[in-house]
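In what comes next, subunit A is part of two complexes: it sits with subunit B in the first one and with subunit C in the second one.
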Partner chain A sequence: MRRDWLYHFREFRGAYAAGAMFVVIFAVYIAKHQTGWAVPVLTTAANKGVLLAIVAMAQTLPVLTSGIDLSVGMVFVLANCLASHVVVGTPLQAAAGCVAVLATGALCGFVNGAIIVWGRLQPIVTTIATGTVYYGIALGLRPVPGGDVHAGLADALTGALPGGVPAMLVVLVGVVVVVWLPFRRSVVGRAALAIGSSEAAAYMSGVDIGRTKLVTYTLAGLLAAIAGLLLTFVTYSGEASSASGGVYTLNSIAAVVIGGTSLAGGAGSAIGSIFGALVLRTIGDLLFVFDLEPLWQPLFQGVILLVAVSLGALQLLKVTDRLEIFR
Partner chain B sequence: MEAILRLEEVSKRYGGVHALERASFACAPGHIHALLGENGAGKSTLIKVMAGVVQPDEGRIVLEGSERRFLHPQEAVAAGIACIFQELSLMPDLSVADNICITNPPRRRGLIDRRAQRRIAEAALARAGAEGIHPLAPVASLSLSRRQMVEIAKALAREPKILILDEATSALTAADVERVFALLHRLRDEGLAIVYISHRMHEVAALADDCSVFRNGRHVATFAAGTRSNAETVAMMIGRDIEHAYPPKPAPLPASDARTPAIEVRDLSWNGQLHDIALTVRRGEIVGLGGLDGQGQRELFLALFGVLRGVSGEVRVEGEPVAVRSPREAKHAGIGIALVPEDRKTDGLMLPMSVRDNLSFAALDRFSRGGVVVASAEAAAVAEIVRRLSIKAPELGDAAGTLSGGNQQKVVIAKWLLNAPRIVLLNDPTRGIDVGTKQEIHVLLRRLADDGAAVLLYSTDYAELIGCCDRVAVFLDGRIVRWLAGDDLNEHALVATALDVAAEATH
Partner chain C sequence: MTALALRLKQNGQLPVLIAAACTVVLLLVGSLYSRNFLSADYLLLQLQIASFLGIVATGAMLVILLGGIDLSVPWTVTVGGVMSAAAAGWWGATGEWLAIPFGIACGAALGLVNGIGVAWLRVPSMIFTLGINAVAQGLIVVQTGGFAPQDRATPAMHLIATGRSLLGIPNALLVWLAVGLATMFLLHRTTLGRAIYGVGNRERAAYLSGIATRRVVVLCFTLAGACSAMAGVLLTGYSTKAYQAMGDAYLLPAIAAVVLGGTHILGGRGSYLGTVVGAMLITLLQSILSVMQIPEMGRQVTYGVVIVAMLLVYGRGRRLSD
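Moving on to the complex of A and B:
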């Protein structure tokens, strides 16, 4: 049916818009780049972009429930520091280390969810506090930058596959297929959107709100840890950098918004956030190939973000009961 | 007839107020049972008890012969009770099909089976007589009437044994009402037990097999539909005890009173929810707005106060045409309108701020020079108004949220009086307030009028309208359908007009 297609498009128009924006910006970037379309260029871009893309996916899940997770950047840093200790040795040991890192991230997310659900605290303060705790643990693990990581694994994941496809992109697609798509089609994922759309209506419809939020925040922690693990493979070390954690947290929120997910919750997708993250990353590179001062980068990112948010606010012009603006 | 669901001697208190007092009710398969009663009679609480939204303090719920307790709406749904509430329970961002299947989506290998979900949604929409709604459309894109149809389809998809509809037709277009009536008759013939709340008596006459009347949280009578006249039914619904005396009213102003009215409204319409409202209030008058809750009274106040966009018609204050575009303009000295909103906790007060800050907030311009608040002027005015309204606040620096409900309401009224308004709009100012404070507010309103203000009072309490107001405009579907004054202003006439059975019931 033609209308089916139309409804599908409307539901994901934010993601499509972000995807289109990325394609345009990336095409300009490649066109201006002195090497152009080449495997090393793509691999470097992928290695930088995928990290933020996965952290942005992590942020998307709580945002869909109209919550927020300000600890994703710190879980990302914590996972990085932990991985620089445990993802070493024989392949078997390294694999066990990876599992430990991911489990730690999931635990961090679970703690966030538990405090929000059972402690009934607001997500924003909860995750500011827990994020600081997670950073403290990261600092304890790695007081000064250093450590190591399983070199074979790192090279395989940050290089290119035969045929020139960056391995990181395959990892990203894998994460989407294993985490996001099942979530989107599961009862919990549906419930998460329902809560973000109208928590009262979801409750009245018999949705299990507590369990849904727990799963959502746990998955967010897991995804942030995946990104932290990948960071270790890129840098071959761990660093407890609060600046890096903060920047990733804020950029993840920006990526979510550019990707068409409403901060009010209820509508959006992690795919959009991925493109939002790639757009943010490419803007930085774009200034580089145009030989502009890197100083301009925050200004450009800010303007793009403002434009993206303004589009979402257009519907307010139609409101006839001004009180609804505040609800 | 064998009842499928029985409530026995159910009681529910909110604070000190009895919403339900030892109320009993039973419904049977293959019957449509109408619940009747005026505002606040306890009907809504009763169905919330049935639907597991509210737990009764006392009493038993017996479903199919065994006693049950529903701690959560989910449990009532699982037991076969589906409820369609006045406030829609739809998630606006989700699609129609997602909404219909939200409680128990069809699954394949753990994931939602979208094809099966779509089949279920299409079947449920077809059963509700709403095939025209596309299952993938987001609910937010549908009109209110269509949303209500989705709500009905959602309830049907749960295959209930008992279906409860609370004012389910109030938002429907005429065509959809027809569909819903046909559907309800069909469902009844299929053996469902249907509980139906409506304030439209002709709907009850067209639909119901049995009727139960409630008053003040108590069950009054149950009878087969058609065995009592509308007049008898209305008589059962009223008869509330007069709680206390009201301040004496002045002699009615002569119709030929030549003074310019304080406020004059002509042909005021808004967004399909207000139609051609015309009214005049003179200084010294208290004019009431009557009718059932949600007939446009709130919207009229918001329109006069400048909150609504796209209002058409003419408003004159002291003879001068005005266009009020915001509450800030409304309270300006040249216009001087004050609105005491219906929800004091969200719209009336800033609960965490101090009583003093709340009191002076609407009139800060009067106490400031060059944008700086003159603390002495503020303190003097606040102390004066606290004494005048005898607001009981242990300490003016305490948060407004720590006061009792009655004193909070006094603060809301007082903060507007500091602005010396010419026109005072009050939206149900005594709802949920103790009798003593109520009485004080009634005296205050009369004194305000005597001092030259024009007062417009909306109240869900008919006794209050009768006791306080010089004239009452009865609202129905966004229109003023009747003016009541003098001896015509009695509970019988108010209820009958509100229920639209005026012609036969007034005698």
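Moving on to the complex of A and C:
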């Protein structure tokens, strides 16, 4: 039993490190914040953090198979624009709208997966190109920012529950329970990790590579759409911003790496990515509460990002056989 | 016919030919819309615009051949533009001379850091260059916001970007030609070039063959940074001003140009000629879509669909069962 624990800890030490990092940074943030530990502060932080956390979860799935999805940000933006059109009206209509948005996201992910599996194109190029297409569609839906969203639903999801717990956090936990945990425990989830370790070996062992990748990319699209839908609830509008899509895509990769998932695939977890995303978000807020001159903020953020992603280099100290560092 | 196709496929020239054919088809389609598409003026203008993308793509290709990717292109381009213009402001008359080399050197310095991070710290290039991109952005924000440097292009920058000193050929095209010939020489006529392909195929094997793989990686990233910054200098000359985020529009088209030209995204295979054709193809596609006054939405969608469609024709990977 103790053995199991050790193994578990070693396997997910990246995720634990990210979690610890988040707790420390968030504690400093709250300590320095004018208001301190209060429901509105927590809710605002949760609303910002959960969006990136879910996009980072979306990014984690393809990365586990040693692929990558550079279109997550654009699916996020597309879902945002679509939601600002369809999630309106009576509660029933709004609910149908939500389903439509999520289905669209899953479809985008499926298209990515289909091109990668049946078209045999590299994920990185495929998703760059499909990302452009999704952005184009988003632009068609919302040439100028605007739109509306079901107010009751938005208020409920972006506010706090009676106990003072931000509703967004509950949504995040819900997404983990409904999407990530079943995936991780399923055959497909195992297969995804196997593909990430060695695609050839997985193929030889009878893993259905095509189906696994299709499921992985489809789920990535679905998760990105969930985040896009939540963004609509936060901003009450839709905006086809390529800058926002790009930033979310790039930050999602950074969050995945900070969360201990290897970009080479085969190891890691979406839970780590969630903490990676929260760390990234809190660092941004930290500079704000420390009254750093706004001019210097981007530089500090950049340096911290660079240092955070370079922490993996510490593993080099353990390497005894120099050949091991060359793949 | 099939024998010819097979030979082309084996030496990797098939994608180049198909991409070139697509370029010609694009031109013909464009000429159905307007006669101007086949005029020398239009073509020279397109080549001039393609030079900016072509130079960025040169750097991107060197890194992709190694099996890496350089995501720091956007702000390295901006660094090249902003720092060269700033140098002209700082050092007066000497600055006029130093501006261009200084801008390029700043880009090379960023590339050097990229290379060190990737080669020695062993951070995956995709994530390290992303961090450098963020740092470069921060530096430029501090630099332009805090010190308000000169952002006007010097006459020399203006001349190399927009002038037509020789037989009406755009100078920018000549710059690209020089960069391109140097790259082709580097890739195909030097041991370093062989080493780049070697590292891209399998770094471990290259290392065991006695190649100083880390030095090769650092050098390629440095050259890539210099190329991006050079494009930034040219862009500044072209638009007479350096401004923030001027490089944002170059990252994805540069990667697309390299890949459409037949370079394998995982490294080790590809020819420079392909990148040249790819850069022209992307530029032409963008130009035709904008001349046809298709709304932005249609442009983005067509652009993405064309890239996927072309790659499906000739860029497909092998079956796992092979």
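Basically, the second predicted complex is superposed on the first by the 295 of 327 C-alpha atoms of A that agree within 3 Å, B and C clash if a C-alpha of one lies under 4 Å from a C-alpha of the other, contacts with A are read in each partner's own complex, and residues count from 1 in each chain.
Rule of thumb we're sticking to: a contact is a pair of C-beta atoms (placed from the backbone, for glycine too) under 8 Å apart; a residue touches a chain by one contact, two chains touch by 3 or more.
Computed from a predicted model, the values in this text were never measured in an experiment.
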item	value
Touched partner set for A:His8, first subunit B, second subunit C, both or neither	first
Touched partner set for A:Lys32, first subunit B, second subunit C, both or neither	neither
First, second, both or neither for A:Leu323, with subunit B first and subunit C second	both
Partner chain(s) touched by A:Ser310 [first = subunit B, second = subunit C, both, neither]	second
Subunit B versus subunit C as contact partner of A:Ser198, first or second or both or neither	first
Per-residue touch tally on subunit A - higher for subunit B or for subunit C	C
Overlap of subunit C and subunit B interfaces on subunit A (superposed complexes)	200, 203, 323
Residues on subunit C engaged by subunit A in the complex (per definition of touch)	69, 71, 117, 121-124, 126-128, 130-139, 141-142, 145-146, 202-204, 207-208, 213, 248, 252, 255-256, 259, 265-266, 295-305, 307-308, 311-312, 315-321
Subunit A residues within the subunit C interface of the complex	68, 115, 119-122, 124-126, 128-133, 135-137, 139-140, 143, 199-200, 203, 209, 243, 250, 253-254, 257, 263-264, 295-303, 305-306, 309-310, 312-313, 316, 323, 325-327
Subunit B-facing residues of subunit A, complex	3-4, 7-8, 10-11, 182, 185-187, 190-191, 193-194, 196-198, 200-208, 266-267, 319-323
Residue numbers on subunit B that touch subunit A, as the complex places them	53, 72-74, 77, 85, 88-95, 98-99, 102-103, 105, 107, 110-112, 114, 134, 136-138, 154, 270-271, 302, 307-310, 326, 347
